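What follows is a pair of complexes built around chain A, which joins chain B in one and chain C in the other.
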Partner chain A sequence: MKKILVIEDNPMVIKSLQFKLTKDGYDVIIAPDGREALKLLKDATYDLILTDLNLPFVTGNELIAYVKENLPAIPIIVLSTSTQENIIMDAFNMGVEDFITKPFSPNELSLRVKRLLS
Partner chain B sequence: MEKKSKELASRHAILIVHKDYDKIANLSLLFKEQGFYCLHVKSGLEAIKKFEAAEDVIKTLLIQEDSLPLNAYKTIDYIKTELDKSPYCVVLQESGGTEISGSHKIILIDRFFSLGEDMDSLFHDICEQVKNTFAEKPTNCSYSLGYLKEISDNSAEFIAESLQLFSTSVAKEIGDLYLKIKTGSYEDIRKIAHKIKPSFAMLENHKGVEICDQITYQAKDRELKNSIDDLYAEFNRIQHALKTDYPNLNL
Partner chain C sequence: MAVIYSIDFDWLLGFFPDDLPFVIEANIVMTFIFFVFAVFFVGFIILLRIFKNFRNKKKEEQRLLLEDILNAYLFDEEFDKERELQKFKDEHLNKPLEIKIAIKEILLFHSNIKGESATQLRELFLQWELDEFCKKQLANSAWYSKSRALFSLSEMLIKVELENIKPLLNHKQDEVRQQAQLYFIKLAEDNPLEFLDHIDKPLTLWEEIFIEDALKNEYHGPMPDYSNWLHSVQNSVVDFAIRMIAKFNQFENISELLPLLEHSCEQVRRETIRSLCALEHYEVIDTLISQFEEETNLVKKTILDAIEHLGSYNDLMMLKDKIQDNEWDLKIKYYGIAQYFLPEKKQSIYIQYEKEKALLL
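Showing the complex of A and B:
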């Protein structure tokens, strides 16, 4: 079973991601902030990361930089409520594979996750 | 009951499901005396057939909790999710019956009534329901479950838990916003507003989303307090509507 690390601090978004991704057949691990995510990344391997950008303790951008440097094989999808072009472009420039706005469309999420994991 | 209410009651049929008519005879009589059109069937399956026959005039369902072969919860679940009907649902319990506590069951049920209990409160609730059924629907609903239904394939359990999460998490964050105003932590305020924006979006409350954006991107420091007041007012409006629509969720 493919393992997905979700890094998100809004409980309703966490619940919906967990529900949808579990239903799609993935093993979903939740980190409510960047610091917890770094710990989890050091302890286990993941097939995909979904991360918010505005995270407590360690920001999304810091986390992306860490993953791209130390675990470059893990694809990253950024989750954000922001539609500001500069924020999206910054994330892509750091090497993230995809971007989804919150709240996400369930079908869109399934397709984008499937594409990166296939 | 006043004349106007009696007129409405005559358009509001009540279906009572109980294997033993004697036990619900008084209830049935009370409603009939007040002008309601009262039907009686013995099982959940018969009730489903009544609803399948597109009898949209049935606005209230009173059903014995341990009805056989389908109990009250399965019957109500089928009527609401499969037949897409939305009657006011009352589960009739034997006196001293145990209340089912699973939120996925409770969300489908409007109230419980213990047979033998004073019928006045049930009667009052159903009369209120009659008024609501025929009242004009407000055009500016404060929330919608459309997104939660879409994402969960209409899972009642998921929706109930999400509404509870909305209620507790947004209340806490708004409390934090007021604390941050006191300490002048304006950047933290913008981060919190950004964080809770999806919660309003998931309930399709566009005003809440707009205010969160205003706090995050537009409001000057001195304007933040007013915007937080607006957000709090909008949250209360949603909460009030949710509490009215789902009294059993303990929001």
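Showing the complex of A and C:
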């Protein structure tokens, strides 16, 4: 079973993502902030990271930089409320594989995850 | 006080020895009263706290139940929608508090989710008859309930008889008026500003910003022709319409704007000048120069700004003699703009200003 690390601080979004991705057949691990995510990344391996950008303690960008430097094989999808072009461009320049803006379509997210993990 | 003393505290005074001075007796009685009052007060606070904790616990339980059922409803294909949703409604949506939490939770989901799932949430809102609850709240509740109900109905795009919304456009509470305006904008198909014809109170600056934001982000129909409101009885509406004409580049309305340079309201005249500037209507400069002397101080400043934006140094020079000796703020502005037009003569313009100042003083 493929493992997905979800880094998100909104409880409602966490629960929905967990429910949807578990239904799709993935093993979903939750990190409520960037610091917890870094800890989890050091302890285990993941097939995909789904992360917000505005996170407590360690920001999404810092986390992306860490992953791309130390664990470049893990694809990253950003799930963020930011719609500003420069923020999206920055994320892609850092090497993220996909960027989804909130409010998001769960079905679309599911397809994008599937595409990256296939 | 004497009556209270004889009625309530005689039994208490019986406990005191006969030779105890009255002051001491009174002190003891007052202490006793204060103590009883303090006990009741603390007890009341504790009771309130217990009630609040109980209510919060109920809210959290209800919220968790809702999260589960909403996730199952949206994402679980094996979920028996018909049966489970009806069961939930019968068991958990009976009290107003439960219904309010359900509305809040659905709105929270709705704000984070789009696409087919958002449509499903709207269907659920209707299936649980939460719209009926909101409609009732519009009719007979406190202002914050009305405001919340309007917000919920507009978020879920639920149509209500506009006759029920119109009175709320003139509600005494700002929040209700604002939500009523938002309702009109979000549910409009072709005339999002229809509500401007029904308002009796002036638009506040905050409301204007809110309307503009809603028009850009919430309304998806054709942009209205703002010239329709240039002759409104509300000067704030005229002011808003003028600004929007410039914001949305409605060049075709320039001819409608020009007569407003002679409007009786100073603010409307200023806004007209600013909008004509923003629309880069250079021809207005001659009119502004000819009107300059009759204008108020604030409008004169706006005219100077317009000349800086659209005019030339020669246009500015035409105003030199029209500025009175005592209009120092205008003189400073005038020389500031002159320096803008002739940056190479900055120093000599400043010297000229100093000379003029010395002569007048």
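The definition used in the following text is that the second predicted complex is superposed on the first by the 118 of 118 C-alpha atoms of A that agree within 3 Å, B and C clash if a C-alpha of one lies under 4 Å from a C-alpha of the other, contacts with A are read in each partner's own complex, and residues count from 1 in each chain.
Basically, contacts are C-beta pairs under 8 Å (C-beta built on N, C-alpha and C of every residue); 3 or more make two chains touch, one makes a residue touch a chain.
Quick caveat: nothing in here was measured; it's all calculated off a predicted structure.
In the superposed model, A:K3 makes contact with neither chain B nor chain C.
In the superposed pair of complexes, A:N54 makes contact with chain B only, with no contact to chain C. With both structures placed on the common chain, the touch criterion links A:E108 to chain C but leaves chain B unconnected. In the superposed model, A:R35 lies in contact with neither chain B nor chain C.
Touch criterion met: A:V13 reaches chain B and chain C at once.
Shared interface residues of chain A, touching chain B in one complex and chain C in the other, are 10, 12-13, 15-16, 19-20, 102-103, 106. The residues of chain C lying in touch with chain A in their complex are 67, 71-72, 74-77, 108-118.
Put simply, chain A touches chain C in their complex at residues 10, 12-13, 15-16, 19-20, 23, 102-108. If you check the complex, the residues on chain B that touch chain A are 147-148, 150-152, 155, 158, 161-162, 165-166, 169, 191, 194-199, 201-202. Contacts from chain A toward chain B in the complex involve residues 9-13, 15-16, 19-20, 54, 81-82, 102-103, 106.
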